[in-house]
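You will see chain A twice below: alongside chain B first, and alongside chain C after that.
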Partner chain A sequence: MRRYSWLVPTLYILFLMLPIYWLLNMSFKTTNEILGSFTLWPQEFTLENYRVIFTDPTWYNGYINSLIYVTLNTVLSVAVALPAAYAFSRYRFLGDKHLFFWLLTNRMAPPAVFALPFFQLYSAVGLFDTHLAVALAHTLFNIPLAVWILEGFMSGVPKELDETAYVDGHSFWSFFLKIFVPTIAAGIGVAAFFCFMFSWVELLLAKTLTAVEAKPIAATMTRTASTSGYELGLLAAAGSLTIVPGAFVIYFVRNYIAKGFALGRV
Partner chain B sequence: MTLELKDVSLRFGADTHIYPTSLTLDPGSFNILLGTTLAGKTTLMKLMAGLEKPTRGEVWFSGKNVTGVSVRSRNVSMVYQQFINYPNLTVYENIASPLRVARVSEAEIKKKVQSLAELLKLSPMLQRRPGELSGGQQQRTALARALIKDSDLVLLDEPLANLDFKLREELRDELPRLFADRDCIVVYATTEPTEALLFGGNTACLHQGRIAQFGPTGEIYRAPKDLVSAQVFSDPPINTVAVTKRGGEFRLADMATWAATGDFANIADGDYTLGVRPHHVSPLASGDNPVGVDGKVLVAELSGSESIIHFTMHGATWVSQSHGIHPFEVGSQAKLYADMSRAMLFDMDGRRVAA
Partner chain C sequence: MNNKTINHAAWIFVLPVVALVAFNAIIPLMTVVNYSVQETFGDNTFFWAGVIWFEEVLHSTRFHDALLRQLTFTFTILAIEVPLGVAIALAMPRKGPWVSVCLVTMALPLLIPWNVVGAMWNIFALPDIGLLGRGLNVLGFDYNFTRQPGDAWFTLIVMDVWHWTSLVVLLAYAGLVSIPDAYYQAAKIDGAGSFAIFRFIQLPKLKRVLTIAVLLRFMDSFMIYTEPFVLTGGGPGNSTTLLSIDLVKIALGQFDLGPAAAMSLIYFLIILLLSWIFYTLMMRSEAQ
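Presenting the complex of A and B:
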C-alpha cells in the first residue's frame, strides 16, 4: 500500500498541469498543426507566435496597458487600505464593526453589476479609456479586501508597540512609516498580491471601460479573429505569457501568504 | 521633579477603571504598584505617562500641570510585560531609537548604546534583530531603550513577569543597580508581594481601581492600614476569620479562645476580623501565643523545604505555610497553630485596629 502512496498526488498534479501544458504546447505550434492533427508535442517547433507578440504593438501594448492599471490599482488600494485598516484595528468608534462588514459586502456583488454605472460615469467625466478608469473601478473590490487582510495583520501587532514608539518620542507618521509598516511588511505583501491577482484576471470591467488607449491584454486576445479564422497558436502564446506575471508575484509572496493563512485572514 | 496625581480618575462609558486617586511620587524614588491583575496598575501607569488622558483630575510634574501634554513631549520611558521591541530594527537601532528621534549625534549614540549594552550584557547581540533573541535578552533590550535617554519618569509594567524564574532573579538583582545613580522617578508594577519587599522603596497597594494605601514598603507590610492592603500585600492570601473580644479574651466561634495579650489587651470589646499571614500558621505550635485551630485539609503541597497546607476552618479557607515537610492526608482533620501574637485585627469597616 505504502509503495503506491505517490500515485494519487502524481495523478492529481498531472491533472492540474495538463491544461497549462496544453497551452504551452499549442503556443509552440503553428495554427495549421493545431487544427490539422492531434500531437502531444510540437512537430514543427516554432517561436513565431512569440515573435509576433513581442514585435506587434497591438499585442505588446495589451500587456503594457494591463501592467499599468494593475500596478496603479495595487498601489492605490494598499495606500488607501493601510490607514483604514489601522483605524479599524486600533480605535473603537461608532459603527466600526458595521462599517467593517459593509466594506466586505462590496465584494459580494459581481463586477458586472457595476459595469454599466462605471461606463456611464467615466464617459461623462472623460475618464473612459484611461488606465486610471480601470484602476479606480478595481479599487472598489480591492480596497475592502486589502483592509480586511491588513486589519488581521495589524491586530496581530500589540498596541504596546505603538505606545512604546510614542514614549520614545516618535510622531504618529514617523512611527507608522518607519516602524509599523516594516513590521507588517508580510501583510502588505499579501494584500498587494491579492489586489494584483484580482485586477490582473478581471476582464469584464477592464474591457468595458477601455477602447483603444488602455486596452488590456485579455481584451486584445478576444478580438483577434482574422480573415483566416482564429490564430490559435498566437492566442496560446498570449495566454502563456499572461500566466507569467502572476507566477512571478506568487513566487515572491509565497512565504507571506502562508503566514497570512496562519493568521486566519486570507 | 515630583510627580503628582491630583484626584485623577478614568472612566470608559459606565466602567470606572480608576477611581479618584491622589498620589505624590518624590524625585529619585523607587515606587511599586502592587495589585492583582485587573487592579488598574497598567492603567494608572498610562495615566502617569500621558498615554491615557484622565476623565477628571490633573497630573502635575515638577510643579507644572501636564494633564493635556502628549507623551511625546514628556520625558518618559516605559517597559511592558510583553517584550516590546521594534522587530524590523537591530538591537542597536532599537536601543538608539529614542536618541535618533531626539537627533543626538552619531558619535554620542554609539558611545551610549555601547556602554548600556555592556551593562545589560547585550554587546554580542547588537547587530541581531529582537526576534532572534531569548526572552531575557529581548526584555534587556527594552530596558536599555528605556534607560538610554535620561527620563524623568521610568515606568516598568511587570517587566519580569514573562521571564522564567532564573532570569527573573538575575534581572531583579540588576534593576536597582541600573537606577542607583539616576534621579528619575521609577514606578514598578507587580503582582507579587515578595518582589515589592525585595525592592523596598515605596509601595502603593492597588485594589479594583483604588489605591488602598501608599507608603514605605516595609511599613505597609508590617502595618497595613486596612484589610484590603493586608490582602493585596500577602501571597498566599492572608487568612481571615470573624472573632469576638470579651473581657480580655478572644473567641473564635466555639473552636478556640485565647487571652488578649500585648497591644490586643487595650482594644474595646466587640466583633473583629482576624487576619493571620500564612507563614504564621504552622502544624507545630510556635511563636509567643500559638492557638490551635481545627480544619479539614483541602490541598497539601510539599516542596523541598516548605509545606503549604490549604484547609477549611469554620467556613473559611485558610493557608498554612511552614518550614519542613509536614505530610497531611487530603480530607483528614488537622490541628494547626496560629501565632496570635503576630495576628492583625480589623474592625467591621475593614480598618486595622491599633495593635
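Presenting the complex of A and C:
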C-alpha cells in the first residue's frame, strides 16, 4: 500500500497542471491554429500574443493598475491590523470577543451583496475609478484576515518578551517597533501574502469600482473577450501572465500557507 | 490565550481597524437595508414599502430554485473536496525535497484570479477546442457544457474541485505534520494497523483544521460568483444560476433595487447563521 502512495499526489498534481498547460498552449498559438485545428501543442509557435500585451497600453496598464491597488491594499491592511492584532492577543477589553466575531462576519459578506452600495458609496465620496477605492474596498475582507493571521502568530510569542522589554526601559512604541515587529516578521510576511493574494484574485468589486483609470487586468480581459470577438490566444496569454505573480511569491511562504488559511491557528 | 490582562484602553489599538471596516461594512449595509424597505418609480423618489420585498423574495420560486442550486453546489463540493483533500494529504511525503514541490504546485490554483480560473476552464472544456471537451467526445461521451445542464454542472463541480481541494490538502497536511513522531512509535509498539492509526491518532488531530477547512469552503462556495459566471454565465437556461449570479442579475441587470436588497439581506443572514454554527463548533473544539 505504502509503496504506491506517491501515485496519489502525482495524479492530483497532473490534474492540476492540465488546464494550466492548456492555457499556456493556447497562448503560444495563432488564432487561426486555435480555431482551425485541434493540436496538443503549438504547431506554429508564436510570441505575438505576448508582444501585443506588452506593447498595447490598454493591456499592460491593466497589470499596473492591479498591482497598484493590490500593493496599496496590502500595506494598508497590514498596517492597521498590526496594533489591533496585538490588542487581541495581549489584552482583554470590553466587547473583544464580539468585535473579533464581527470582523470575521465581514469575511463572510458576499461581494455580490456589496457591489451596488459600494459603487454608490465610492461615487459619493469622489473616489470612483481610483486605485484607492479598490484598495479600500478590499480591506473589507483583508483586514479581518490580517488581524486573524497576525493574532495567531502573536499569541505564539510569550508575554515575557513584552515584560522584559518594559523592565529594560523600553517605551511601548520602542518595544513594539524595535523588538516585537521583528520577532513576528514571518507572521507579517504571511499576512501580507494573503492580503496580496485575496486582493489579486478578486474581480467583482474591482470591476464595479473602476471604469478607465484604474481598470484591473481581469476586467480588461472580460471586456476584450466580448468586443473583439474572442481572440482566444490573446486572452490565454493575458491569463497566463496573471499566474506569474502568484507563482513567484508562493515559494517564499510555502511552509506557512496552511497556517495562513487556518487564520493562524494550526 | 488565558493570561491576558484586562485593559480597556486597548480599544485605541483596534480603533483604526474598526473605523475602516465600519466604513466599508456599515454604510453599504445601511444602504441595502434602506432599499429593502422602500419602493421607487424610477425618478429617485422613494416610498416606504414595509416588508413587501422580503415577502416577495421569500415566496418567489426563482429565489427558492437559486437557493436550492446553491445548497446542492455547496454540499456537493464539500462532500468531494474534504475527503479527497484528506486522502491526498495522507499520501503526501513528510520529508525530503518533494514536500516543497508538492506544496508549491498544489497551492498554485489558489493564486489564480477567479475570472482567469473561469476562462481557463471554459477554454479547457469547450467541446471543439478544449482538451477536456474534445477528449470526452473522442471517448464517446456526448459532452457539451454550453448546451446540456448536466454537463454544465459536471464542469462547474470539477472546476471547483480543481480550484479549492488544495486548500483542504494544505490544512490537513499541516495538521498531520504537527503530530509528534512519538505517537506513531507508540502505535507501532501497540501493533496498530494503518486504519487504527488514522482513526485514533490522525483523525482527532485533524478535527480542528478540518473544521476550519469546512468553514472556509462553506463560506467561499456560498459566495461564489466570478468563476461560474465566466464559465457558464448561469446557463444553459438558468441551470447553473447560483445565488450571487441571480442577485447580480436582479440588482445590476434589471435594477430592481427593492427585491435585490431584500434578497441580499436574506442571503447574508443565511451565511451568517450557518457560519456562526461552524464558528461556535470551532471555538468549542479549540477550548477542549
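Couple of notes before you dig in:
Keep in mind that, in the parts below, the second predicted complex is superposed on the first by the 243 of 266 C-alpha atoms of A that agree within 3 Å, B and C clash if a C-alpha of one lies under 4 Å from a C-alpha of the other, contacts with A are read in each partner's own complex, and residues count from 1 in each chain.
Keep in mind that, in the parts below, a residue touches a chain if its C-beta (ideal position, glycine included) is under 8 Å from a C-beta of that chain, and two chains touch if they have at least 3 such contacts.
What you see is a predicted model, and the numbers here were worked out from it, not measured in a lab.
Aligning the two structures on chain A places chain B and chain C next to each other without any clash. In the overlay built on the shared chain, the residue A:Glu213 is in contact with neither chain B nor chain C.
In the superposed model, C is the one of chain B and chain C that contacts more residues of chain A. After overlaying the two complexes on the shared chain, residue contacts for A:Leu161 are found with chain B alone; chain C is out of touch.
Contact with chain B, but none with chain C, is seen for A:Gly169 once the two complexes are overlaid on the shared chain. In the superposition on chain A, A:Thr183 contacts chain B only, with no contact to chain C.
Shared-chain residue A:Asp56: touches no atom of chain B or chain C.
Touch criterion met: A:Arg254 reaches chain C, while chain B stays clear of it. Note on the composite model: angle chain B-chain A-chain C, taken at the C-alpha centres, equals 90°, rounded to the nearest 10. Overlay on chain A (Cα): least separation between chain B and chain C is 8 Å. Touching chain C in their complex are the following residues of chain A: 1, 5-9, 12-13, 15-20, 22-23, 26, 34-35, 38, 40, 76, 80-81, 83-84, 86-88, 90-94, 96, 99, 101, 103-118, 120-121, 136-137, 139-140, 143-144, 147, 155, 159, 197, 200-204, 217-218, 221-222, 225, 232, 235-236, 239, 242-243, 245-247, 249-251, 254-255, 257-259, 261-263, 265-266. Residues of chain C that touch chain A in their complex: 1, 3-11, 13-14, 16-18, 20-21, 23-25, 27-29, 31-32, 87-88, 90-93, 100, 102-116, 119-121, 123-124, 128-132, 134, 162, 165-167, 169-171, 173-175, 178, 194, 208-209, 212-213, 216, 219, 222-223, 225-226, 230, 243-245, 247-248, 251-252, 257, 260, 264, 267-268, 271-272, 275-276, 279, 286.
If you check the complex, the residues on chain B that touch chain A are 46, 49, 51, 70-72, 76-78, 80, 82, 84, 86-89, 97-98, 101-102, 142, 145. Contacts from chain A toward chain B in the complex involve residues 158, 160-161, 163-171, 174, 179, 182-183, 185.
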